[in-house]
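You will see two complexes here that share chain A, one where it goes with chain B and one where it goes with chain C.
Let's turn to the complex of A and B:
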């Protein structure tokens, strides 16, 4: 009896590929949380709008794929800025839970705005990427592409945060919101840049997800909750933790889907999350105080 | 004065179905009363800063346990509903006890409970052989008509009275909590857990009590909804959107006042119905569009909700004077 049979290996590889995209999803949310201390419950809905953007630009207006992707990334980045200016900024001093609920309101708004504007039909890009056949396993190119683009996106963000002056200011603000303002960092500007960056990452995720999934107004509900759980599991605001948690989650979902149903994969992931919250409440990679 | 007004209004509500019997309006009243009860159940703990996004899960448990016990085991809802409440209570303890023990609060508590409503939704969908999955589930009709044994009634009046009684009981529980020592303990906890513990409050036990109470009430709302509608699906009684809907309605009505959740239910349900009737299928999505904008506006400009702000405006605040 071979323990590492082909199906298991295929599920494992698909898990890793899914993990790359989930890691990208959680990176944007983590960045916003780490810096601004706000959870964007409507994060997945921003991605949904990006997916619609790709659909209309590429499939309806026949723009080149890469141009459409660039426009979507910038567009969702602007949505992020808009969200910050209109909803988050007035609530910066309010109780954290009010900020959470307000972005919950934005979630309702974006979902139904999409329903009203685009109706509830499922739409897809109509773009079929070939499937890679390797030693009896089937791995789709769209997943490979998504994985690679997610990795590149994450490296770019890392370099931005680690090597640039603005990046250093963002990390500093994330560490101490009060002192850095006294040191001459313009917090409002940093918040705007962070929101744009978080939105841009959502836009990138949208471009990658639309290659694999149909877009409809409620698509956000299918991966939004997972994204939050990954961020919390990794420790909100902890980028490395989010990265590890994304791969753990993706493998659980993928393997659960292999042995039972896809839903059971999600159930395992959720149960694992709750158990881990009790074992390591501050996140997977947190140091024990 | 206010007390007698309350009794008068209560008597009016009880007498209503005997005078006025338009079925659609009665149906609307029943739905509003059931959801008001669910929202009140949420606010029983939500008002103490324990923001749960898992109540969709408790509601789903209440509805599905009752329906499954009836269809598969032939267990009358008179036993099935207590079973459902028990299941909801046990689930609440399983999740909430470690949360409180390990001091998972605020954002983290909200997100852990969010995972809970996700789990319940996915389990219902995954066990589709027994629960019908996302297609929904219907309790079997008991010999076609009304039956006290099966808790199935075809008449709207009966359901109106049942829903009214349960809603009244929900308000009574709210008042009892409001008047109890527990309220002071929980308010102290929501201000400062360490301080409350130092003052002799058993933090974990107090939070657990209110959570279990709230979860069981929500499960009852789910069971009631199931028995009245005779159709449940994972999306109408469980999941994250139902959890958010509860929070939303309570915030609009007012978290800190007894009638807040009820007013929230009246406003949100009427809004959806009015839009649906006046625009038909073209209105799909518009109700949530308005909800979403209202929710943001309320949190930014009127965080105490409609009833809370009215109460504040009418009654001069003592707390305000003390603070100066």
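Let's turn to the complex of A and C:
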């Protein structure tokens, strides 16, 4: 029996493709946490609004797909800024539990608002992308596209963080908040830029997820929790750790789905998470300090 | 150039500075000496805007620093090397220097400033790709001073630069402070290492329990009976 049969290979590839999208999802959340030290519990609900944006612009108003995507990325980026200005900024000095409760409140607000505005009907883009048949494997084109776009998005964020002054300030502020003033950095401005970036990443994720999944007001529940688990597994605020954890999770889900049912994949992933919390509580790539 | 008048400051209910008046004139290096907990660090923090005074005035070349938002104070020409260096430990040496040159005015002369800092501290050039937190204490102190110099300041605030360093390194460090001074930069330096600091500064203030107890030319303070007894142990 071949060690790498075709089904196993297909599951592995699908795992990598899923991992790319999960890595993108966790990057936005990690960025916001690392810089502002606040967890956007409502992160997946921002994505949900982005998915509705794609649905309305593309399917209802017939905008070109790429234009609709660009508008959604910018739009959700603005939602991120709004979330920061209206909810996070007034609570920056408050106890962490209050910040969690506030963004948790925004989660229910956004879910209810979506229910009122869009009803609970499941909707999709109505876009049928072909399935690639390669050496006996079936790989969906929309997953490949999502993977490629997620990768490009992450590379762009990486270049921004590595090459620009603002990017350096974003990395620096996560390491020493108080002395940023001595560098001439206005922390409030960096927070706004980070919120826009986190929102923009949620917007990009929305464009990619809506290619594969129906959108409804509670769709955030199907990938919000897993995004948090990935961030925690990788070590909250640790970008590299989140990246690795996303692929580990995706492979567990994909391989678990191959040998048993899809749901078992998630069970494995969560059991793995719980075990890892005992073994490496500070995250997969925890720094020794 | 820098003038503090009756500055009071503290943390919460605790007052650390009581009516401190102090001056740094053009071309001067000034030292502030005093025991632990005298308020020396607070004094520098209140100048660079890390904390705000509760009363009194601080002016730098006619600019009212109390009315200036903290992140704009660097742009006035004041660079602060904070206590225990406070580098960004998981960033490279060069990224740390880049952060020191964050101001738009400093970005334009980034290459010049970088060359200047590397000439002053050749060791930093060797280590430019190394994570700052993995260097020795002396190298980290060089990096912290280099980072402050990246903004092309007129006044450099040094907080206990010799703390935790080996005596040989301290010697080198004060030589460097002399060289930086010779380049025309004003320095306000806070130190517990009284003997060393009085050798590099023109004037010094003695700060004790939050107020200035003595002031004068470094040579006078070195000769003063009270200072010799209390701080030099001779």
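In this text, the second predicted complex is superposed on the first by the 287 of 289 C-alpha atoms of A that agree within 3 Å, B and C clash if a C-alpha of one lies under 4 Å from a C-alpha of the other, contacts with A are read in each partner's own complex, and residues count from 1 in each chain.
Rule of thumb we're sticking to: contacts are C-beta pairs under 8 Å (C-beta built on N, C-alpha and C of every residue); 3 or more make two chains touch, one makes a residue touch a chain.
Remember, predicted model here, so these are calculated numbers, not experimental data.
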Inset, instruction - State whether A:5 touches chain B only (first), chain C only (second), both chains, or neither. - result: neither
Inset, instruction - Look at A:214 in the shared chain and tell me whether it touches chain B only, chain C only, both, or neither; answer first, second, both or neither. - result: neither
Inset, instruction - Examine A:171 and indicate which partner it touches, taking first as chain B and second as chain C; both and neither are also allowed. - result: second
Inset, instruction - Once the structures are superposed on A, label A:185 by its partner contacts, choosing first (chain B), second (chain C), both or neither. - result: second
Inset, instruction - Applying the touch criterion given at the start, work out whether A:273 contacts chain B, chain C, both or neither, answering first, second, both or neither. - result: first
Legend entry - Touched partner set for A:107, first chain B, second chain C, both or neither: first
Inset, instruction - Check the contacts made with chain A and report whether chain B or chain C touches more of its residues. - result: B
Inset, instruction - Going by the contact rule at the top, pick out the chain C residues touching chain A in the complex. - result: 48-50, 69-75, 79-80, 82, 86, 88-91, 95, 98-100, 102-103, 107, 148, 151
Legend entry - Residues on chain A engaged by chain C in the complex (per definition of touch): 165, 168-169, 171-172, 175-176, 178-187, 287
Inset, instruction - Using the touch definition up top, name the residues of chain B that touch chain A in the complex. - result: 49, 51, 95, 98-99, 101-104, 106-108, 110-112, 114-116, 118-119, 122-123, 125-126, 240-241, 244, 247-248, 251, 284-289, 291-296, 299-300, 303
Inset, instruction - Would you tell me which residues of chain A are touching chain B in their complex? - result: 39, 87, 90-91, 94, 96-98, 100-102, 104-116, 120, 217, 221, 225, 228-229, 232, 236, 260-261, 263-264, 266-267, 270-271, 273-274, 277-278, 281
